[in-house]
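What follows is a single structure, written as structure tokens, with notes after it.
Labels A, B, C and D are assigned to the chains in the order they are written; within every chain, residues are numbered from 1.
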Amino acid sequence: MLTPELNCSFLGMNLTNPLVLASGILGTSPSLMERMALSGAAAITSKSCGPEARAGHPNPVTVAWDCGVLNAIGLTNPGARAEVPLLRETKQRLAALGVPLFASIFAPRLEDYGEVARIIAEAEPDLIEVNISCPNVASEFGTPFSASAESAAAVTRTVRKAVNLPISIKLAPNVPEISLIAQAVVEEGADAITAINTMPAMLIDATAAKPVLSNRTGGLSGPALKPIALRCVYEIAQAVSVPIIGTGGLSSGIDAAEMLMAGATLVGIGSVVINDGPSVFSRICTELATFMKDNGYAQLGDVRGKALT
Amino acid sequence: MLTPELNCSFLGMNLTNPLVLASGILGTSPSLMERMALSGAAAITSKSCGPEARAGHPNPVTVAWDCGVLNAIGLTNPGARAEVPLLRETKQRLAALGVPLFASIFAPRLEDYGEVARIIAEAEPDLIEVNISCPNVASEFGTPFSASAESAAAVTRTVRKAVNLPISIKLAPNVPEISLIAQAVVEEGADAITAINTMPAMLIDATAAKPVLSNRTGGLSGPALKPIALRCVYEIAQAVSVPIIGTGGLSSGIDAAEMLMAGATLVGIGSVVINDGPSVFSRICTELATFMKDNGYAQLGDVRGKALT
Amino acid sequence: MNPVGLFSAFRVQQKRTENAYTCSLVLNDSLPDALPGQFVMAWLPGIDERPFSLSDNDPVRITVADVGSFSHALNQLQPGDYLWLRGPLGRGFISRGRSHLLLGGGYGAAPLSFLAKSLCAQGNQVGVCLGARSRADLLLVEEFSSLGCQVWLATEDGSAGKQGLLTALLPEAQNALKPETVYACGPIGMLTTMAAWARTAGLPAQLSFEGVMRCGVGLCGSCELPETTCQQLGLAPGFLVCHDGPVGEISPNHFS
Amino acid sequence: MNPVGLFSAFRVQQKRTENAYTCSLVLNDSLPDALPGQFVMAWLPGIDERPFSLSDNDPVRITVADVGSFSHALNQLQPGDYLWLRGPLGRGFISRGRSHLLLGGGYGAAPLSFLAKSLCAQGNQVGVCLGARSRADLLLVEEFSSLGCQVWLATEDGSAGKQGLLTALLPEAQNALKPETVYACGPIGMLTTMAAWARTAGLPAQLSFEGVMRCGVGLCGSCELPETTCQQLGLAPGFLVCHDGPVGEISPNHFS
């Protein structure tokens, strides 16, 4: 059999493979984003950016163990205005490699989403990913907009009106029925859905008798999240027909194949960067190609949605 | 330092330690329940029982790996009427050991909860645990009652009216704000809260290109669930003052201590039974006592809620 | 948790017909650290999942009697087809002594062939009693012989070996072999008869039980042996076939 | 994922004052497989968490200069107090050749003491250049001497050793030692000067960098070396101090 084709099309963009760097992993530095594109990330999502500069939470902000990662970085970002030149620079470097840039945004209030989107649009990213699901700022911002179909739809409407770029809405796993929220945002014009963000969680150090993170709670990612993410994507794929960026706990090419089978068009790669470093993309690509070859899949389209039927 | 005291009081019952067998683990057979009480479980929760007999889902119903367990047993039970003699026998055997019996119930419709509770009350369990959060019957029963404060409150009201026994409501992790649901059920008269049930999840076998469980989705338990459970209990403990049976992913005495520190009064032990078998309770008790001794805790009250402040 | 808890995909390498309704499926790999008496949960996606003893592990082999829809589907598999297994699960046989008597009723011969192979490889003396309805139903007879075991047969219709029940072979085999331990796998009636005989003979017995397997890892409780069986055999009540077994060890003293 | 990612509780076994604002905390255990040059994230619950190099690992020791609130809190710890660490993190020094020159500015001496100990234990020839503002600021001088290293000193005020910057010691040390590799830890200015000198001398250099550590495991991006620094030193852009470093290796050829 011939080498399987990993290239795929996503909202009119042509990607060399389905792997996308997930938002927040290694921030927004042009050199780091470029480094991951060189390693094989077919698209790059930048760290979520909001209206104002934020330093993020004090240390500890991350712990990792064999089942996953807990983080509460706290949406560290330079603020939308200062982010624009950074994204421009990143976009330019990525464009040279044929890699699209997805710019992630968030806002504390509904009204701000439109404004942040408009500012970030100046950097001309290929897509705006709308983070309505960061679990690590609830004490400041209140319940995330991902909590209900209504609030998720309201944010989508606001961003949809503000910009002409493709938008993907990033959903949270801690809801009773994620497919209803997916339907609501698609009805408001979301071009894609990114699922999922981290799951709100906490680790306590028994000897210290204290939560490990300074923010006390954090977001769970990595292997422990995979079964949750697969289930969310599986449910969303049955409810809507827009493409899904399936994200959560993927660490191998086999994991990526499983996510595609659950109905994802692209797969987000995040916490596994801990193990391999930025070069993780080339490993996962190779593994995915090997899996496809061994199992007689000629192209990604044959893998996609296979577990749905 | 003296040997730490593990005994504790829970809704007027005196328990020799804080470990409770979680519902559904090893069913409702009197001999198995007795076996776990003999190994050190200080209280036993029976498998959830509903109005009618259910065979449960076809195989595969469980897979386990290093980060956790996925199950979709499908609420196998003999129906409330047939359950009563089983529970009577269990209650009698446990009473001889000074171990209380918590009888878990569920129902597909709101109306049925009262009826099931009334029937099960005939067996005179020490507490009725109201399972409103099983993720594995959604395709038959619709969204679980744990999904909103309103539906959770409605079930609590129904059961509260039906029986005079203490009741604990078992909550689900896949909600945006578990503390609001906890408040709602306490307002309706819940004497305790059990948190959490499993997290809805899915595993796909890439080679088979199919979900592994016959029910497709299942409930995630075991180590992957621990950080989620700790966070839920931590949030509930800050919102209500009734005792909490903190359950999810605990595999050691240190884990149990962490759960107590998050605000639990008792700790539920479930999936870890896979590793040690029914004798797991004695190991966890010993580890908890050792931890307390090493860290200068004389009694459970000193550990409880320690991470809240 | 349990590293053997996820399915691995195997391929059928060879299929051997054992009798009119039983085949052995030889797969393309072994399972790490599998012991005779342990079992696997075999899964055919979209069909079902059921427990089968390992009848060999070099590579994995299962010997399947066609008794219902899933075992029928397994009997239809052809070389090259996929089969998914999780395991090895449960506790297997533990070799005690140097001379061993194995008793297999029906497809109970399956785990015993793996046990016999391992015992013979260690230079032990092994005798095997096999029973079935008639000659055509006997399983793995040649395999045991070619391993060097002494073999006794019993059939209900007398078409091979002694006419009657398998357990009727016990006195003769004991005389010939002077076993230090007896091992048995087959229908529950055969197991209890064997246990009673072993008690009288003052021999420790290892019995491989069956139960309805769902989780296969000691979580769901569905494979519990009936309390009366436990009492009868002197096993602690609440015996879980998947976790405490499938092999239960019965000392001649603890029998009641 | 990363098994070193969770905190372990240690206790201070011994506290040694190194100078007016620096102490070494000797803990009650070692870290498995820690290498010289690797670091730990040290956590005091309710206070903060910061990176520190291992200055020894038999048992763990960190050498802490009091420069701000967290390092001050560490300097207040007493024997018996708890300290939580996750690690060892990052990439450490790699011994190349048999003769080694180590260059430590300020608390940069800390990881070099662990390196020197390990190099000397393997019978290598080790020279150490240490620099500080004045005699009272020098760190671990006796420790290096007692390991059997040849030691050169420089102070800005001339109160000990040569007056001037540490890097001024390089020609003399090179002449005496003929090192095959140079290793340095200290302020970034010192590292770049050292790197320039190493290029001229045709020697490979291993430099231990600092960066603002948050995750410490290569997830957050906060410890990236400035792109200009990477360019200047011939490192690939996007160098993450916690993942690619703290020790970066620079060959004399790749320097631009």
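Keep this in mind: contacts are C-beta pairs under 8 Å (C-beta built on N, C-alpha and C of every residue); 3 or more make two chains touch, one makes a residue touch a chain.
Note that the structure is predicted; figures quoted are calculated from it, not measured.
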item	value
Chain B reached from chain A - shortest hop count over touching chains	1
Distance from chain C to chain B - Cα centre to Cα centre, in angstrom	37
Chain centre separation (chain B, chain D; CA means) in Å	50
Sites on chain B at which at least two other chains make contact	66-68, 203, 205, 207, 209-210, 223
Residues of chain D engaged with two or more neighbouring chains	none
Touch-based graph of the chains, sorted into line, ring, star, complete or other	line
Pairwise chain contacts, counting only pairs that touch as defined	A-B, A-D, B-C
Residues on chain D engaged by chain A in the complex (per definition of touch)	1-3, 5-7, 9, 41, 43, 45-46, 48-50, 82, 84, 86, 213-222, 224, 227, 230, 236-238, 240, 243-244
Chain A - residues contacting chain D, complex	24-29, 31-32, 34-35, 47, 56, 58-69, 71, 73, 76, 203, 205, 207-210, 212, 214, 222-223, 271-275, 277-278
In the complex with chain B, residue positions of chain A that touch it	66-68, 70, 143-144, 146-148, 172-177, 199-207, 209-211, 216-217, 220, 223-228, 230-231, 234-235, 254, 257-258, 261-262, 291, 295, 303, 306-307
